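Labels run A, B, C and D following the written order; every chain starts at residue 1.
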Amino acid sequence: MPAQKGLEPVLTVGEANRLLTEVYPQLNGTYRAYEAVDIFPGGCTVRLNADERHLRPGDTVSGPSLFTLADIGGYVCVLSHAGPDALSVTTSLNINFVRKAPAGPVHGHCRILKLGKSLMVFDVDIVAQGETVAHATGTYSIPPKR
Amino acid sequence: MPAQKGLEPVLTVGEANRLLTEVYPQLNGTYRAYEAVDIFPGGCTVRLNADERHLRPGDTVSGPSLFTLADIGGYVCVLSHAGPDALSVTTSLNINFVRKAPAGPVHGHCRILKLGKSLMVFDVDIVAQGETVAHATGTYSIPPKR
Amino acid sequence: MPAQKGLEPVLTVGEANRLLTEVYPQLNGTYRAYEAVDIFPGGCTVRLNADERHLRPGDTVSGPSLFTLADIGGYVCVLSHAGPDALSVTTSLNINFVRKAPAGPVHGHCRILKLGKSLMVFDVDIVAQGETVAHATGTYSIPPKR
Amino acid sequence: MPAQKGLEPVLTVGEANRLLTEVYPQLNGTYRAYEAVDIFPGGCTVRLNADERHLRPGDTVSGPSLFTLADIGGYVCVLSHAGPDALSVTTSLNINFVRKAPAGPVHGHCRILKLGKSLMVFDVDIVAQGETVAHATGTYSIPPKR
């Protein structure tokens, strides 16, 4: 399935994680729960290092934690491909939860479906222990260049 | 617009908040950020008391915080109308963000569109300072009676 | 729940239906299946006059027919409130089907959640025989003024 | 990205198309616009042979036509993998439109994310002329075995 062609990242993984820490200190407190682990042309991979704090009743990773992973995946896509403007914002996100995920690493495999001047559309496969646990699709609004 | 008829809550607001604290301690730490404020036939109202911790770059309430409010709104709907089974889980949630919300109270006005035996569909108007800031629609799965 | 304030329609129902017929002849063939029935500040009402052609297995109005009603509801909202530019296009639509609808009139009650310069977000309650049968949320892209 | 493992189709493409014609005559009139073109473990490919009738203002394939393709893709997934029960119904569908599609063949590449006893979750990449034009995610309800 074709992702958008001709895309080229402008940030490395290290730069993306430093930017997240700097502009969005509320995301991770003293411990790095959410982080970028790969950035490549047309997408990225992010990870949630889920512990007790991310669980909901039933000892499964909570919906808001998986939503946050999907949202951060889109944020890393837009920061790394449209440029590091922290004011890009989510305009919509749709998520389906298909299996329970236990505490431990959860990966979000993100793909840019369309990068336009003012909007980016992306999707994310969220995988734990080798199985898809959720899938999300979302849109980020990109501010005009200043 | 007709909400589902003939629905009757089985929990009070106080009971719902005590249940949330008991079964889902990760939701609110030492401070009650998310809470039910009203339960009525066919729906409920929930509130996020948003402070610095809930903001994202741009000093607006973050997408994950508003998602959590929507998700908790659905959880309070299902607990209060289908019975207090903590293992009801979100199966999908779609959210549109339409305006920025500053720190302060954010209300989620929830309506049950369909309460079946195994699924509940609901929507939420999320309002801050008198304006709609987001709108969400979601589905909860209801476990079989034990 | 607050719809956006200060909106004022610029088309009447008659004008909207004539515009639909003129610019989008594929929507209705020789018989007017989809039509606007009301336009008011902040929203509109549209109707599907569902017959045998709109049914799917189980003799219920098909998903694509209800999607079309929701989409036309958004189109009438944008044409009537942002101006009659036929090139406004849907960028996303999310629909939940909650009950079966038999052949007959099906109404879509549409509300504009946000009308910006380049995007409109709306939702629709779809009602048949006094009951909600589906609910949709969507976004239209508004072309720059020419 | 892992699709669900261990799935095995129970219908061939020819059987799926004959079933569509028999149980859902409203889908295609005298001309086969929507059809299955491939069925494989964990998914299927469907095609819209788009002509003048499927266009909207701007001479691009209409949103309802692409929605129908996504919905039929899910229907072929469920019929071919859960068994040919025509009464499986869509419970939700979310679609993002990212590029214009001209008249001509449009393919829907469908993947089953979760096949449970009573629900199937799937997604679809919709591609025309080598580019993604839309992406959809949806849920089908599977009736109990009779």
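Here is the rule we go by: a contact is a pair of C-beta atoms (placed from the backbone, for glycine too) under 8 Å apart; a residue touches a chain by one contact, two chains touch by 3 or more.
The model shown is predicted, which means the values in this text are computed figures rather than measured ones.
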- Item | Shortest chain-hopping distance from chain A out to chain D | 1
- Item | Chains in simultaneous contact with chain A and chain B | C, D
- Message: Please tell me the distance, in whole Å, between the geometric centres of chain B and chain C computed from their C-alpha atoms.
- Response: 27
- Task: Just give me the whole-number Å value for how far the CA centre of chain C lies from that of chain D.
- Result: 23
- Item | Inter-chain centre distance, chain B versus chain D - centres from mean C-alpha coordinates, in Å | 33
- Going through chain D residue by residue, note those that touch at least 2 other chains and give them in order. 91-92, 94, 96, 139
- In the complex of these two chains, what residues of chain C are touching chain A? 91-92, 94, 118-119, 139
- Message: Taking the touch rule as given, give the residues of chain B at its contact with chain C in the complex, in rising order.
- Response: 1-4, 94, 96, 98-99, 109, 113-114, 121, 123, 125, 127, 130-132, 135, 137, 139
- Touching chain A in the complex: which residues of chain B? 23-24, 26, 52-58, 60, 62-64, 67-68, 71, 86-87, 89-97
